[in-house]
Amino acid sequence: MTACIHDHHAFGPARWGADDRIGAGNLLTPERRLAALAGVSTGEAINLDHIIDANAPRIEPNQTPFVMTLSPRANSVIRRRRAAGATNDAGTTLERIEMTTHVGTHIDALGHASRGNTLYNGLTVDETVDDFGLTELGIEHLPPMITRGVMLDVSGPEGLLRPGDVVTVDDLQRAEEVAKVDVQEGDVVCIHTGWGRWFGVDNARYVSGEPGIDVPAAEWLISKGVVAIAADNPAVEVIPNPRADRMLPVHQHTLTDAGVYLIENLNSAALASRGCHAFCFMLLAARFRGATGCPVRPVALL
Amino acid sequence: MTACIHDHHAFGPARWGADDRIGAGNLLTPERRLAALAGVSTGEAINLDHIIDANAPRIEPNQTPFVMTLSPRANSVIRRRRAAGATNDAGTTLERIEMTTHVGTHIDALGHASRGNTLYNGLTVDETVDDFGLTELGIEHLPPMITRGVMLDVSGPEGLLRPGDVVTVDDLQRAEEVAKVDVQEGDVVCIHTGWGRWFGVDNARYVSGEPGIDVPAAEWLISKGVVAIAADNPAVEVIPNPRADRMLPVHQHTLTDAGVYLIENLNSAALASRGCHAFCFMLLAARFRGATGCPVRPVALL
Amino acid sequence: MTACIHDHHAFGPARWGADDRIGAGNLLTPERRLAALAGVSTGEAINLDHIIDANAPRIEPNQTPFVMTLSPRANSVIRRRRAAGATNDAGTTLERIEMTTHVGTHIDALGHASRGNTLYNGLTVDETVDDFGLTELGIEHLPPMITRGVMLDVSGPEGLLRPGDVVTVDDLQRAEEVAKVDVQEGDVVCIHTGWGRWFGVDNARYVSGEPGIDVPAAEWLISKGVVAIAADNPAVEVIPNPRADRMLPVHQHTLTDAGVYLIENLNSAALASRGCHAFCFMLLAARFRGATGCPVRPVALL
Amino acid sequence: MTACIHDHHAFGPARWGADDRIGAGNLLTPERRLAALAGVSTGEAINLDHIIDANAPRIEPNQTPFVMTLSPRANSVIRRRRAAGATNDAGTTLERIEMTTHVGTHIDALGHASRGNTLYNGLTVDETVDDFGLTELGIEHLPPMITRGVMLDVSGPEGLLRPGDVVTVDDLQRAEEVAKVDVQEGDVVCIHTGWGRWFGVDNARYVSGEPGIDVPAAEWLISKGVVAIAADNPAVEVIPNPRADRMLPVHQHTLTDAGVYLIENLNSAALASRGCHAFCFMLLAARFRGATGCPVRPVALL
């Protein structure tokens, strides 16, 4: 299906140095921020996320359930504070959340994926995957992501691809032509397959497989110098993979080999329906130390 | 200490309508975004957060522990994928997190605080505080926060206030003068007390009390039309309150009465040391449905 | 369907005093323990539980997911201990569990169910249901349960009842006759409906409804003085209730009014297939303070 | 300090076969149950556990926090059920618990401890320690534990040993003499050091170290054929170990080599103060599949 001749040495140490921990995050320069902001004209912000709740789809068993309940609650807190002498009845309600960071719209940290024992930039699973978090390559290293976003609509005439449909380099190039944009170094590419319509609507279908890029398209995007690849599907890449003996090879080529980030479960519906192809992309991931990702709320600023 | 005559009707329904759920979030207009972005000159981004881990301080018992462990892990996943026929040894590691959204640097949702049974805009605890989240006023309603940030350094000659030290209107006005900025409608005000130096360094001290604003200073900021008040302390407001029978009155005046947001455990050290007093403030909270807040990673863009 | 004239005053304060917190647990006397043990002849122990894992059925949304993952793990721990100077490579593995106590085979604490604001023995939800546990009536009050167990097989000629099938007083009395046992004060009655066969096998069916007792049968058992009613179904009682406007009325009559315990998701298959109708019943619930129940591993000792 | 020449082959495969998964659990025979029950005279049950709550001491970081909050709650549930048409206002309250099974009084599963990559009976960490539980040697394999319990009081004239105090074979033998019991095959030995007095009272002290047995005493007990060793301390064994380069060697000799169980944080105060030295010991661990232990509520039946 694909003759992937991947030169592992084109990335990693040779590119940003042996101590690098952020990969393509190095491309998130002040200059690119300024350039992206320069394109903002109306100040409108489009949400690129889905709201997260217990109904968020998940790929079992690796993505564990999201559970949220409220505790403590205003009424009980007021009761305790009265007992402690307060008269202003200040109630405060908090919640407890049980989650993986890969819930809902999220970004993968570089340490999320491995090729055997190998992680990004020559680090190893054995030394990096520790009990209470990644000792390296956790999401806390990710810089603020404010750069150009490019939306490539590959959803085709029906506005919807199907599981196993491979988004090819040709597909991406055609989408570039329609969009009248060229993918450039430092971009976040948002691939719209149409599959996101099932998020939270028909979760069983949504996670049963997905249309997405395979390794050649990933390599092409990597060669363009993108910071991150986002898509409106659970794993960015096509599932099942055309090669039956491959699972998540795009994760390996992007995160592990190239240090390029993946943003999953993107909500690209509004971008697609409005035909927004270039915009200022903003993503500020909460810095959970050693986490393998982060639920995020990316926005497109127009 | 303070004769607070607060007109509840000046805010809430009278201001943004009976159906309003976002309070001062209404001030986050495209125009303000454009204005804030217009002031960006170098593209440098300063992190305004602390990294979140099990060592994050917390106010017990309401703020429950943060627990994060890695599972599944690359090695086990590879083993299972081999058994399923895969040959490319794609490992993926995820984590499970147990947390409250009020961990680390976070923003409070409007529904976080009550005055007795009353929440923002006439909603009630009884109807809004439900088992699995707030039915209204959850953090998912918060718009992308991209607006002007103003840092007011009230840390004084020692660079550090003490628990119970009240930040007064005079203090804020003096800080405005030094900063050569006037707090304006739509601003996020970042109050630097110096107390943040103990975050993660001496947690017992950090949560034992705090310097911060009391109701008059909150009212003054609200009267200026701020969107949010941020501070480098656990609760924005002074603890213990000068009035022994008051607990968290500023939470009530800001969140409950005025619909103004609070951002806690801000990391304002870099802003203060560099003397950055006005900047583009960005905060994109992940949209957990019904959550009473969100851990965030705000940045100042210069 | 049933004209339930329930005299609330027959139970509660009038029976074991206004300070009572254990209800029918008062019947768990040393004398009854000795009597139950006196019937043990072979020493064989039959498990009356289902093994608990992520596949345990649950009634959504109240029964939240069970999530278990291993952390820390022997390999990582050994690495850290080596770094700390240890040479004996002692690995230890632990796990983290997220659960409700109502997972799998479990016992309900008296404070689990209410009639409006009323809990067992005149306590109130408002005062007892606190943020971090029940202030009264939590499972920690339950004495060790070592008493006579009686299995009543009501599964009928097909060995299986269906959702909505009501187990009546007649059914129980017929089962008594077959079993040649009379339900007596202090007994734990184990009702075998056959429904338990779907536990973990067809969870969607298992929780879609259930055969079980309705209020009259519960009242009859209460009048006999049972300590607990156990059944091989999710809620002991018939669901849906014959009266469309009633939900969980048996919970109210047993736990709330009478202080009689419920044991759910019992695994009574072995008892039924072997025709064990009387035995020594043992249940030792871990004492989680303020918990509304406890996952347990009851056994029948023959 | 001790020249431990341990013959690994005396246990494991040579004893109960290559497929054995329960080790000394094989000694929990019906005959021993009957013998233990035969000694019961009054029917009194003494709790041997501590109540579990957020204040339970824990050895950080391996033993993660215990967090419990109530959700859903009766009031909210009643509101929803009314909306669904119910008129009987049946409230039900549940809780969510985040925990490790090693909280409070608990039993260790055989798979909890390793000697390098080796687990009990030749199993390996690599194959057995999986993401969602132990594939073998989890606590679900433990039979109901109803056997003779023997309490050996080694607390000395002050009723309290100190961290690092080694409980020797001589100490145990002297305690046997005082108790007028001989440790026999199938017994659960409960060692009272007095250290348990700090559980929940001074947690920092309680986990700062502990008096307990070292390898020779463990070997002696193993040679007697005990099923389990329980103690009123966090790890049964002395900490710090007299040999500075050893950590938890008793865990390895008991769980890993010999298949003998450990029961930690026992509450032996009542046994000691009353001088109960032999009794019927009962422990029924909830069967969490693949768990490395279980919080329990053991009792002594007199």
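Lettered A, B, C and D in written order, each chain numbered from 1.
Convention: a residue touches a chain if its C-beta (ideal position, glycine included) is under 8 Å from a C-beta of that chain, and two chains touch if they have at least 3 such contacts.
No experiment lies behind these values; they were computed from the predicted model shown.
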item: Touching subunit C and also subunit D, the following chains; value: A, B
item: Contact-richer chain pair (by C-beta pairs counted) among A-B and B-D; value: A-B
item: Between subunit B and subunit D, centroid-to-centroid distance (C-alpha), Å; value: 44
item: Computed distance of Cα centres, subunit B from subunit A, in Å; value: 25
item: Residues within subunit D bordering two or more other chains; value: 54, 61-62, 64, 67, 69-73, 75, 77, 96, 98, 129-132
item: Interfacial residue positions of subunit A with respect to subunit C in the complex; value: 54, 61, 64-65, 67, 69, 71-73, 75-77, 79, 98, 126, 129-132
item: Touching residues (chain side subunit C, partner subunit D) in the complex; value: 29-34, 37, 40, 42-45, 47, 49-54, 61-64, 68-75, 77-78, 81, 84-102, 104, 111-117, 125, 129-134, 140, 143-144, 146, 244-249, 251-252, 282-299, 301
